[in-house]
Every structure is written in structure tokens, then in C-alpha cells.
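Look at the two complexes coming up: chain A is in both, with chain B in one and chain C in the other.
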Partner chain A sequence: MQIILFNNVSLSMERELTLAELLVQQGYEENGFAVAVNQTFVPRSTYASVCIREGDKVDVIVPMQGG
Partner chain B sequence: MWKVGDHVISSRLLLGTSRYPSLEVMREAIEVSGTHVITVSLKREQFGRKEGGPFWDVIKQLPCHLLPNTAGCMNVKDAVNMAYMAREVFGTNWIKLEVIGDTYTLQPDLFGLLEAAKILITDGFEVFPYCTEDLVLWGVDAVLLNTAVAISKDPVRMASAFATAISAGRMAYEVGVMQERQMAEPSTPLLDTPFWQVEK
Partner chain C sequence: MTPEETQRYSRHFSLPHLGVAGQKRLKRSKILCIGAGGLGSPALHYLCAAGVGTLGIIDHDRVELSNLQRQILYNVKDIGQLKTLAAKSRLLKQNPNIDIIAHPEKLTEKNALSIIQDYDIVLDGTDNFNARYLINDACCVLGKPNIYAGVFQFSGECSVFMPNNGPCYRCLYDTPPSISPNCSEAGVLGVVPGIMGTIQATEALKLALGQCSSLVGKVLRFNALNLTFETFTLSANPDCPLCSNGQSFYDLSHHHSQELCTMTSLNNDASTSTIEYITPQALKTLMEQNSDFILLDVREPEEYEECNLAGLLIPLRELNLRHHELDKEKSIIVHCRMDGRSLQAAEFLCQIGFPTVKYLKGGIVAWAQEIGDMPNISIPL
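Then we have the complex of A and B:
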């Protein structure tokens, strides 16, 4: 079992997943968001090649109001 | 008209999208202001909730350029990361670059700002730096504001008021102001003032 932090909540994965697989599993299939893994931006074009492992911190970043 | 990067923009008011009483009031204030540039930001989504949708649905209907910010970033690495994420989410290379040096006063960290700006400009960004007035001694091309409109008693009318004021200020600048004077001078000609004829 792999434990990660997804949007600051603990999440169990039965095995290592690619970022693309994890996002689909969590319902993120469209555009309109960006992703940081361990507080570093991950370009969308690399989602399928980034492996999410035990202890990783994955944040989905979405638009909000700003000044 | 003024040129920003490869865009020509007519309104010199840039308006923020935060702190309005509702998305509908925000949308109306933006429309009334006539602005062509609105600022936006990013946040981490809360687990199990899809929060960005309603705001994004309103924003993408507006005929405005989006200017994402790096609000809340306290160091170069975070600001640069946020700029990259903003470029991917909003599809623009514009970034209102904020590297905050002091959370109490919101004063920028100018050294961090310059370092982050160099990285981003090299990578194709158009950087709008959040900086203190010592870096803008050459004057200003436009006014960016948010809270003064958003939390006024009537954001829509206040947006109109600021738009009018900024337009008036620009027009006066273009016309050219009068020469500065050291002493008062009456604007009414005193020659043949009637009371000069009165004998005491």
C-alpha cells in the first residue's frame, strides 16, 4: 500500500500510479487545472511519465479570484 | 491605446476579480468598468470538491485578457512554480509577479522579484512586477485595482467611477497641465474692476 497526500488529504494507493492514472482515478480528466508534485509544477505533457510513490504530495491547482 | 507585449489595449484600468459580494456583481463590475484586463489567481483544490468551475465559467465568457498573479508566494521558487501553473491553466504568458517580503505590510521582496522575473522573462513570460514606487519613477501607464471597487458599497457604480477617473486623468495628462506657479494669481482680470472707481 502506498500512502500519498492528495490535495492535503491522505490517500491510499494499492500500487504506484502514474500521475495521469491518479488524476483520472480522482476525476480530473479535463483541462482547467495544473498539478504540483512535492510543490513543483509538473507540465501536463509529462503526466503519463511521472510516477507517484509513497509519501508524495500531489496538489491540483485550480482558478480562483485574485487581485 | 497602449501596448502591452503584443497586445494593444484601450482601457487603462486593470481590475481584480477578488472579494466581490458575488460572481454576478463581479461580472457586472468588470463589464461596466470597460476594462480589458482582469487579474486572476490559483489555489489548491480542496479534496473531494470541484471549486474552480463557477468562477472559471464566468471569467471565460468575458472579453478580457487574463493576468494571473502569484499572490502569497514568499520566495522565488514558489513564485516561478505558480507562474508556470498559471500559464498552463489560463493559457497566457502574462504574469503579475508577486514575491512578498512581509506579510504584514505586503511589501514586495524586490531582490526575489528581480530574480524570479529574470527566470520567467527568459522563458517567454510577460512580467507585470508587483513592486514599490521606487521602480516606477518613470510614471505609470495604467492603474490596477481591486479591493477599492470590490468591497465598496456598490461595486458596479464604483467600477464606473474609477473607470471615469482614470480616463479623465489620462486625458488631462495627454492635454498637458498648466505651468506651476509659486504665488496666487487671480483668474478674473482686474483691469476696469468697477469698485476701483469708488472714492473713499
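Then we have the complex of A and C:
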């Protein structure tokens, strides 16, 4: 079991996942958001190659348009 | 500085990085606030109070009663008035020593470059994605710092985008979400834009004073419910159409399309351009008559060394930062090797207000074929 923090909620994964796999698993399939792993934004083109491991913090950031 | 100003700004004078010299710097600064709503209200108040010499305000809305819950620039008597004019009147009562320029119009791809180019720093206090992408692209084209903030319910975020020196809004959000509620739909706690707008003003003052912004390459996210500030690191995205290979477009023509946020290819197609051209023969005649114009060569220095028409060399990729070297009073003829770069340069110069800009049709290649005579040539084309 791998425990990560996904959007500030603890989440168990059965195995290491790529960021792309994790996002699909969590229902984020469209565009229109950014993702930070351990407080650093990750370009969309690398989602399939970034590996999410035990202890990682993953935040899906949705833009705020209000002003 | 007048005795009144000396007294007014006395609390600034003993501050490191500020003092009398810093205060004079603020007075010379020109800051544009796009959107005079929840974010713009506190930002404008503090920038005005701090003595920023020129404040521009662009907004096409009128004050509504539901604005007063957070837009602290306005009061009941302003309802129905244009926000820009109500804001100007209020701010001048706070500090009559500064210039306030009201732009009571909507920011569009047609007016963005000409308005923004007159300012040193831009604050994005708008309330929709189209405007945010437009401001980002215009600031990248013009090389202006863009201090961005957005709010949603109890949360806010802020970043500073410095063209040519850090990521931009498109590096952060490559596309907008298909559905995203704005403040009128989702609601917002009034103090949240108050806090975020004040942070925008803080960063604007630091930049105006020549200090670094703490939010370049960073995104600050605020949550009012648990009172947390979180900082994220953002690098230029290798896939960003603006930042990936230097600047890949020089005008805002992609904003003509219905999907304003989506990048499409830039307009460098001579068949659809409205820019006038001049033939090599006509250029030769102008040169022989010693006409008063600037011949602008937008190729790279290596190309210029090989052969040139003794024009002023400003490579296209530097034009957004170096267009001040050109005299606006004079007519400008742009050329490159053929037509591609000169058309982009000409469209850019037209958009930022150069009255007479033409391009050399066929570029230096056509000149070599039709005229042949090339005074400064070391390697044949």
C-alpha cells in the first residue's frame, strides 16, 4: 500500500501509479486544471511519465476566474 | 516633491528600499489596473494612496448594488455610474496629486496592445477567462509584468508573470475549464478579493520600486476558511505556445476567433494581411530621394552580417522590448529575408500605434533579384 495526500485528503494506492493513471482513477479526465506534485506544477505532457509514490502530495488546481 | 507630498508620504521615507528616491520612483510609475471590481478596488486604493504617479483603470461595467458587498471603491450614490469614472472621482479625493486615466471600455484584442503599451505594470483584476488569456498574451507581446489574481468563494490565488523571465498564465493553465462558475454564480466572501487585491498592489509597488517580486515562478493560494497561504513553484512550460521557443507570436490575432482562450496560429500570411507593402523598386526610389523613413531589418544578426540594406537591425524576437528605439513620427518600412517575419513585425508595430508601417514585399531576396545592387554584402544570397 502506498499512502499519498491527494487534494489534502489521505489516499491509499495499491501500487505506484503514474500521475496520468491517478488522475483518471480520481475522475479528472478533462483539461482545464493544473496539477502540482509536492508543491511544484507539472506540465501536462509529462503526466504519463511522472510516478506518484508513497508520501507524495498531489494537488489538482482549478483556475479561479472571479475578480 | 511639494511640502504637502513630503508630509503625505512621510511614513515611506524611513523605509529601506523606499525613501525620497523611492517615492519619486513611484511618482514616475504608470500602473494599469484591468477590472475595477473586487480585486481592483483595494489595489487601486493602495496604489493611489502610495503615490503611484499614473494609474490607469479599464472597465466597461457600471456600479450595481450587489457590487457594494466587496467593491470598496463605490458607494450607493455611484450605482448606475461607469465604474471607471466613479473610481477616478473617489481616488482623486484620496490623493489629488496623481494622474488617473479612465478607460471606460472593454479590453479587446483590438485595443489591448495600444492601451497596455503606455504602462509599466499591469494588474489583472478581471472576472473571466477570456480577459485573463488576452491580458497574458498582450503582456507577453509587449514585455510587461502581469500581476494576476483570481478568487472563488473563500479562496484566492496570485502570481506575477514576467515576460522573458519566468512562466506565464498559459504555462499554468494551458486551457480554461469547460465549466467554471464566476463570482455572481458561485459567490465570494468579500474580504477574499480584498486580501488578494492588496497582495497584487504589494507586488506592483515592489516592481515599481525596482525590487524583485516574490511571486515570479510562484503561485500563492489563499484559503480564508482555514486561513492558510500555500506557495507552489511554477516553471515555464516546455509546451507553452508563448514561452516554449522564445516568443512564437507577436500579435493578438488569435483572439479574433470565437474561442478566445484557444491559441491558434498567428497571422503571418501575406494573403490575409491588411498591412501595405512596398516593392523593391519603390524602396530603391525612396532611398535615392533620401526620403525620411526608417528601414527596419527584423532578421537575426548573423543574417544581417551576410548581407543587408543598411537598415536598423532589431531581430523580431527583440522587437517587443526594443520598439522604443523607433521614432513614431517617421514612417517605417520593415523587411526580413522574405515576408514572414516582416509581416508579424509590421502588424505588431501597427497595433501599438505606429501610424505608417509597410513591409518590403519579398524581402531582401526580392531586392537581390530585382535590384541586385546591395551595398553591404559579404556572402551572396
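Quick note on the criterion: the second predicted complex is superposed on the first by the 64 of 67 C-alpha atoms of A that agree within 3 Å, B and C clash if a C-alpha of one lies under 4 Å from a C-alpha of the other, contacts with A are read in each partner's own complex, and residues count from 1 in each chain.
By our rule, contacts are C-beta pairs under 8 Å (C-beta built on N, C-alpha and C of every residue); 3 or more make two chains touch, one makes a residue touch a chain.
Everything numeric here is computed off the predicted structure, so don't read it as measured data.
In the superposition on chain A, A:Phe6 contacts chain B only, with no contact to chain C. Looking at the shared chain after the overlay, A:Thr40 reaches both chain B and chain C.
Applying the stated contact rule after C-alpha superposition, one finds that A:Glu14 touches neither chain B nor chain C. In the superposition on chain A, contact is made by A:Val60 with chain B only, not with chain C. Of the two partner chains placed by superposition, only chain C is touched by A:Glu30; chain B is not.
Taken together, the two complexes place residues 32-34, 36, 39-41, 43-44, 59, 61-67 of chain A in contact with chain B and also with chain C.
Every residue of chain B that touches chain A in the complex is listed here, in rising order: 16-20, 26, 39-48, 50-53, 55-56, 59, 68-69, 71, 78, 81-82, 84-86, 88-90, 146-147, 150. Those residues of chain C that touch chain A in the shared complex are 35, 37-40, 124-129, 132, 149-152, 155-157, 172-178, 180, 182-183, 186, 188, 193, 219, 221, 230-235, 237-239. Residues 6-9, 27, 32-36, 39-41, 43-44, 59-67 of chain A touch chain B in their complex. Residues 30-34, 36, 39-41, 43-45, 59, 61-67 of chain A touch chain C in their complex.
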